[in-house]
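Both complexes shown next keep chain A, but they swap its partner, so chain B is in the first and chain C is in the second.
Right, the complex of A and B next:
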């Protein structure tokens, strides 16, 4: 199946075509002293973070550190208990939610799939924020859906039921929905889980293309530090609900950093291909052997 | 394919995708239109058929006010309001059931299974036998009873927010079935204790019946179904997006809590007014949605088709019930005969899936 890249799409639509926002995203997303929790449990304990517009960045951290919770609060899925999430300087909770959905898209982890729905119908729901109460489907929506299907390589699956897709295909269908939403900011909660290595790279390449070609601001929660380093302009490390570090991957990701945030001994080298940091965990029993040797 | 250059290939792909989208939309529209036509046809048949069979022209002369005495009475005073109530109450039960099932992502979550109908019914019986209410006050009490039951079931089965379709709603359904049983027992008790014990009235409130509906029942039923349906179409897009779970719906700009509350209130209102009109016609809410989805596919919520299917079920059951050789039976008995086994089948399937 031939797939268009964003470059060829732009070349075909010099006037902007279905996506007017071929300029860099100007929308600013910022967290100020945000506290978020479930019940009595405070998960995010005062986090500050200004997302650089038109950048691609990752939120990393150990399981249970609150990185997904923080992403949800950025996307207004969870209300901040204190502090604020600001979109273009205004509290996101005070903005009309539909207006926010035209600027900011969120792909949550494992969203619900209605029984029997096809890929194309799923992707078309991304157009919801662009419709009024009585507004109907228009050719612009068709174009957006078709483009999203093509970019994710899902055109040939458009009449397939989402239930019957593999994990990787299903993830691409959800990403297509987010693309059809055509937002300037896109937040993704672990977009590469369930995917094999090839698909992981494919998804991240696609997001990087989107970031470069359209200037879409991309924020994702990632588990793999080396992949995060490879694809991010910045990395935010969350530990125990606070920001442990934020900055360029090459500056943030060090052996000391991996030890303090993940409690893991590692070797941080340089990827010969991408010239980004690569984290190689040290083998624990080797480490023990080395220590014993040092002792004797 | 390989001889073509990539650009034309993708354009063809795009065209065929849009085409398939248009085709599936047209298919849905055609099926919905057919269902509505069948419902209207059955309503007309319901007027014509009976102890004495009338022709269409007889019916028309009655409507235009030039019918003969006998026909004027049996069509104008009995069969016409009965068919209209069957048509619109069936539609109302269908809409309420479909919207509940869609909202909660489970066919078993229909209001007649989870006790909402039973709550409205109990409130209506209470209002009539104890408080002596009728008209708008009666509808008001029924609506309050339905809403109170819905809130009660939701609160009792609440765990970390209302379930999306991916998390088990079985608890919610089991709580609802329990509450329905309790409320139905209370209704039976009220019926036994009621002063003016009347078998026909009892059958109406215990099983649902069209036996003594008249013109005074038609206007509220029609107004409520039409108004409720229009209100639901305004929030209908949210209903569709809510199927994708709370996080996704919020991300797509749906005000999840108010949309959910709005849909529940409107559905319970429709349902309660229908229940106060005919009594709880068993299983219509439960049956209409899945049948509509079977016919249309589940790409979008099938409210209008659910309404048509609900009307078809009630009208068919009424026509059959009136012509049984063993004599007339309440329409609710007929619908139970179909609905009961299907409920058992679906519960069994759900439990097997859960294991």
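Right, the complex of A and C next:
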């Protein structure tokens, strides 16, 4: 499918788009000693993490470790029970929520699709934080929506109903909504879930392009360690609600790390193409060895 | 929301203009048609010369407030229905779910039984207070717990509180034949007794309700994407829910107190509007403001025609003619999408 990349868009529009496209994100997001819980259950138990501006990073960890909860608290969807999430040094909970929404966007795991909505109408709702109560639609909004559709390759689907899209197309429509929001920081909760390998790479490529061309800070929760290593500048591993490790993928992802965080024996090699760590899990009961023996 | 494809936009505009023209026609019919037929000349005379007399002119002067009330209620009930369905994310939400109709009924019955109130103008305020209390109780129960109000809790609270008030109403009503006979007329819902004098004091309530509704709408569009994304887009979901709820309660309570519980309009008009204009609440409200009065005033006119010279109250007719019209509309392909 023919679609423009951010580079070509920028080349066509050297002044930069409506929203300071060309600068790196100057906004800083930081968690200080954050504790988050549901009811009596404390899920995040004192997590510190400063997100490097204009970087692309992944939060990884086993199921139930609290990585999604942590992402939600970074996006002020869940209040911190103690500690603080700071946006540009100010407590995010004290900032006007609409102002935050102009700086920081979040794509949750399972947003709701209004019945009968078309792709373009859905993406247009990403402009919400840029409007006041009586603020009308303006050409800037049109430009932002068109650009978001173009970048995600969804322009030809703009009048298609979201209900009738495939999983991959639907995910791209949601990402287009987040792009139309035009924030300097973008948080995504498992953006590649339910997608086949091609679409997974396509989504991650798109986010990487966004990060390189616009300097958008990208933080995502990912399950696939090798993909996370390939696309991330940094990796934060969460275990039992605390930070088990944070750093460059090549430094963080080791056999010892996979064993301690995921309780899994593995072989960590080097991707011959990207020179990033690749995790090959080992079968726990050594069935492969037994099968090979039986064959010979 | 934006230019989208121009074809769809033109179709929507055409349908809305058509509804507007139809509404004007129906309003004229409402003034002209009744047990006593009148001519267009007489309507003009009645509107322009306040001193002119005669039975035909008297009839017209009675039908004008009735028509105005029909339009007012149509606008209010359709808007309230759209707000309720958005806040509770429940396509079957209508004023009943607010706990409002049951609260108002209960208050009216209690005032009849305890204070012997008999004239509709006296029920206006008891119904308003009762409806307000009912809705407040539903909101309070639906907001219990740390997470605050959510669609499921509000819907359940509405059902529970509604049953509770209905039981009280029945308990008071059963032994009192005299109360039953006056209550049954109120409970049907009608606009035949409309008077400007009872409408005027409630106009500010309708006004505030509509202004709140308009303020809520961008937030409701965000809320439709789920709570998390709505917050991510800078919506404050508690405020949106509370404001929409308040707007719906004001609109419904004022309507119910003037005309008794009129069902169906608030339930069905938002759906018809959504079928025609799509899921954007701004458009749904705009379409509802035309379609609500169209259904209500139209039903009232039909009610006058079917049993001349008597009236069938609009509360009965709305569903009887509204339901087939709705089904026909869905089947006709008028809708933006063919399936429900």
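Note that in this section the second predicted complex is superposed on the first by the 283 of 296 C-alpha atoms of A that agree within 3 Å, B and C clash if a C-alpha of one lies under 4 Å from a C-alpha of the other, contacts with A are read in each partner's own complex, and residues count from 1 in each chain.
We take it that contacts are C-beta pairs under 8 Å (C-beta built on N, C-alpha and C of every residue); 3 or more make two chains touch, one makes a residue touch a chain.
If you're wondering where the values come from, they're calculated on a predicted model, not measured in any experiment.
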Using the overlay on chain A, decide if chain B and chain C clash or can fit next to each other. clash
Just chain B (first), just chain C (second), both, or neither: which does A:214 touch? neither
Is A:239 contacted by the first partner chain B, the second partner chain C, both or neither? neither
Would you sort A:170 into first (chain B), second (chain C), both or neither based on which partner it touches? neither
Touched partner set for A:149, first chain B, second chain C, both or neither: first
Could you list which residues of chain A make contact with chain B in one structure and with chain C in the other? 72, 75-77, 97-102, 105-108, 110-112, 114-118, 120-121, 124-126, 128-129, 131, 133, 142, 145, 158-159, 181
Name, in rising order, each residue of chain C that touches chain A in their complex. 1-5, 8, 89, 146, 215, 218, 221-222, 224-226, 228-229, 231-236, 274, 278-280, 336-337
Residues of chain A defined as touching chain B within the complex: 1-4, 72, 75-77, 97-102, 105-108, 110-118, 120-121, 124-126, 128-129, 131, 133, 142, 145-146, 149-150, 155-156, 158-159, 181
Residue numbers on chain A that touch chain C, as the complex places them: 39, 72, 75-77, 97-102, 105-108, 110-112, 114-118, 120-122, 124-126, 128-129, 131, 133, 137, 141-142, 145, 158-159, 161, 181
Listed in rising order, the residues of chain B that touch chain A in the complex are 6, 9-10, 13-14, 17-18, 20-21, 105, 164-166, 234, 237, 240-241, 243-248, 250-255, 293, 297-300
